[in-house]
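Below are two complexes that have chain A in common, paired first with chain B and then with chain C.
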Partner chain A sequence: MFRTLNTNIRIFLQGAYLSYVALFAWIQPAHYLATKVMGPFFYMIFFVLMGAYISGRNDASFYVIGNAMQAAALSGIYGVSMSIDGDRWGGTLIYLFGTPANRLALFLGRAFMHLLDGILGVIIGLVWGVLIFKLDLSQTNFLALALVITTTVFSTAGMGLMLGCLGLITRNVMLVNNTIFFLLLVFSGANVEVSSLPAWAQTISSMVPLTRGIAAARLVIDGQSLAMVWPLLQGEFLVGVIYAAIGFLMFRQFEIIAIRRGTLEAF
Partner chain B sequence: MNVIEVSNLRRVYNANVGAIRRSHKEIVAVDGISFHIEGGELFGLLGPNGAGKTTTVKMLTTMLIPTDGSIRILGLDVVRDAKKLRSRIGFIYGGERGLYWRLSGIDNLRYFGSLYHLDPQATRKRIPELLEMVGLSERGEEKVEGYSRGMKQRLHVARALLHDPEVLFLDEPTLGLDPVGARDLRTIIRNLQAENKTILLTTHYMLEADALCQRIAVINKGKIVAEGSPAELKSIVSDLSVIEVEVFGSVDDFLPTLRAQSFVDALSIENREQKQVLLIQSPAGAEAVSPLLGLLAGVRVGKVIVREPTLEDAYIRLVEEDV
Partner chain C sequence: MSDLSNLRANLRVIFSAAEMALRSNLTDGFVFFGIVIQPTIIALLAFWMLRDQGNDAIIYVVIGSGMTGLWTMALFISGQAISGERWTGTLEMLVATPTPLYIVVIGKTLANVLQSLVAMVATYALAGLVFGVLPRILRPGMFTLSLFFAVISYISFGLIISPLFVLNPQVRRLQNGLEFPVYILGGFFFPIALLPGWTTPLSYILPPYWAARALHGASSGGAVSDILFAIGMMILFILIYGMITARLFQRILYKARVEATLVRQ
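Moving on, here comes the complex of A and B:
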């Protein structure tokens, strides 16, 4: 039993690192800088300025925190889905399925490095917020904030695992990724108060990752304790688990159906 | 002892045709084939494009479920015991894909080592041995994207051998390789056979099959049309000679007339640079040359050669007969 556990941990860890290096298209320094460092910088400026103009708020922190947290979705959604559907484009999927490797370890390993990368992405976003918009972190419990960030990146990665599986069955998952990313900008509360959305939209908000994480981040940065945001974190974590579970079921079904129908390498 | 037993294997693909009025179509890729391969044997599966070779290999390697029939490898059923079997077989499909190009050769092998449940110590020991065997020792730390096609194919072989499988499936491993690359890979395959691996090889290249395989099955339109040793297959055309006629310009209009002649048993055309070569199998040998040239009146003809038949001629006859 320990031997099996060891083997699966190795599959998870090696897959985490090697799939990140092998399949994450933005890993090149220029790409990384453009998408993960400068991208959040510009859309943060855009939303802060537009938000302040429309709402008349003087306080930029609402938008700064929202958009810094939204950076989690860059890794969670784009990065993770690239690491799942990249195997199909590279022709390695058939060789992966030809091994006796534990599929759960293989599958979850694809998300791990993006989890770390996503945490870094949110920190970069917050640093931009402090440098440019004087985001005040003086009341922040940093341990609580770290937990909020990690949980939020985890939940977006859960959705990324599911979207990556969609990439195994559709030709162009980037189209879906883009749609979801922009959907999150509206429904997650990053730029619009969830409470100001119509009821149907609030239902969507409650079902997507980020919503509870962003709300928790705002509270923690405002000086609230971890206990205060704990229910939000539990909800955010659960959302991530649900999406990851759906993703894994899709992954297993994809393998079974593709081997039955002969569509493993069909596009 | 039979390591691979294939019995009445059939695979039908379902396809939907048409965008608005969609109709359902069934394509029979493999149509009731049976064969067996003994332990330590190198068995060749030959056939033209679309004959069903790759579909057969995919079913043998657990990557496609048969519509009908059964496959047993090392006593295990490929559908029921797929997971157990995967640890005991290795496979490569032709082409450059299937490797992580941004990783080094060593990292590719290391990753697949963990997927095949090799412990890190065994992997560390095995990788240099395999790289040495496939002639990539000096390049193992370089990214695969810088490898030539032949190097990628050799890395594929190393990957397939990581877990020391008893049975190997090589689907057109020399496809697209230059002569030196193909020769190197053939040497590797020969060495693997010397290690008593059971190997199924599919290829388009008759010389390769002749040089490597102990037994060959020719598959066409999903059916096996002949099976035997290279010598046995060559004996199918031992009563014939092959006349090679170089021609310049199109000869398509002449083909029906040529095929209708009693001294023409089989006819095929090969393109060689600016010219075409008619390959005519004939029981009449050199005596057929004169009437043949008479029928090609008006066509610019180059060299004419009469020679003994090869395995390729046997293959052409088998496939043509089936047409």
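Moving on, here comes the complex of A and C:
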């Protein structure tokens, strides 16, 4: 039993490391900087100014926190789904499915490094907020904030795992990823109060990652305790678990279908 | 070949290249995202931020969202006009034909810019759906004129980006980070007066800024003199960028012949 556990942990860690290295084998540092450092910097400025001008709201911290947390989706959605989908494009999927390796360890390993990368992304976003918009962190419980960030990145990675599986059966997963990322800008409450959205939109908000994480981050930065945001964190975590579970079921199902039909690498 | 038949031949190449680009873009999911999905999502977000404001604010958002589609396509699709040929192995053949390379790229960029106008139509329709009434364009004549020059100025801008990305691969790697800066400096959704003063000259050298200024002014009934000034600036930059483009294309072909790097990625 311990041997199996050891093997699974090794598969998880090696898969996590190798899929991350493989992803960044073709992405240059300049590409990374443009996407993960410059990107959040500019879209934060854009949404703060757009919000201030269009809605007349002068509370920059609302947009700064919302968009810094949104950076979690860059790693959680794009990174994770590209790691899963990358096996198909790289021609390694057939070998992967040919091994007796534990599928759950393989599957979750694809998300692990992006979880760490996503946390770094949110921190970069918050640093930009402090430097440019004087985001006030003086009341913040940093331990609680760290937990909020980790949980939020986890839930976006859950969605990324599910979207990555779509990449196993479609050629256009980037279209889906881009659409989801932009829809999250609207429905997660990053830029508009969820309570001010139409009822149908609020229903969508309650079902997507980030919504509760962003709300929790705003409360924690405003000085609220961990106990106060705990229910939000539980909800955010549950959303992530549900998406990851759906993703894993899809992963298993697509493997069975692809083997049965001989379409494992058919595009 | 006489000047007239030369012009006719070049126009035929421009329209053929445009047709090919349109056909190819129809199968590209990213193009659909850039001209329909992204602008409508940004517009929806802005409409919900607006809440109960009037026609001027709604049309401002429609124009701004449409401009995001134009810029996204200029950056990601027109920007790849030459690199794309390199990746598909057709660049050598294009360079070897008697038609100058920039004529082909003009055709491709024309198609990209024209199809990007779908973004404006899509966000206009969305405004009707969200508010139950289509926003009015207060100076339709000036708007049409502004749109005409906006299309040409975006083509001239696209023509600069494309060879620039080939000559400087490092700049192309920053492509993902260049989308929002122009949304900001172009004043698509808010006046550039909200930005620090030192950024104003950067806005002034961007054709998208003058295009947005003319279109915003024409749609919301701004002063005719201001709209004409913005159109004048677009014409000025079309000329300047045209001259720079000619130099860049010469440079690409010269460098490719001297260093034998025409097909090198």
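One rule holds for everything that comes next: the second predicted complex is superposed on the first by the 263 of 267 C-alpha atoms of A that agree within 3 Å, B and C clash if a C-alpha of one lies under 4 Å from a C-alpha of the other, contacts with A are read in each partner's own complex, and residues count from 1 in each chain.
The rule is short, and it goes like this: a contact is a pair of C-beta atoms (placed from the backbone, for glycine too) under 8 Å apart; a residue touches a chain by one contact, two chains touch by 3 or more.
On a predicted model such as this, the values are computed, not experimentally measured, just so you know.
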| item | value |
| --- | --- |
| Chain B versus chain C as contact partner of A:G15, first or second or both or neither | first |
| Partner chain(s) touched by A:A30 [first = chain B, second = chain C, both, neither] | second |
| Which of chain B and chain C A:M50 touches, first, second, both or neither | second |
| Partner chain in contact with A:F2 - chain B first, chain C second, else both or neither | neither |
| Contacts of A:W200 with chain B and chain C, given as first, second, both or neither | neither |
| Chain B or chain C, by number of chain A residues touched | C |
| Parts of chain A lying in touch with chain C, wherever the complex brings them together | 28, 30-31, 33-35, 37-39, 42-43, 45-46, 49-55, 172, 174-175, 178-179, 182-183, 185-186, 191-192, 196-197, 201 |
| Residues on chain C engaged by chain A in the complex (per definition of touch) | 29-30, 32-33, 37-38, 41-42, 44-46, 48-51, 57, 61, 170, 173-181, 183-184, 189-191, 194-195 |
| List of chain A residues in touch with chain B within their complex | 7, 10-11, 14-15, 18, 21-23, 27, 90-92, 94-101, 106, 259-262, 264 |
| Partner chain A, residues of chain B touching it in the complex | 11, 13-14, 55, 58, 61-65, 83-84, 86-87, 91, 93, 95, 97-103, 107, 110-112, 114-117, 120, 159 |
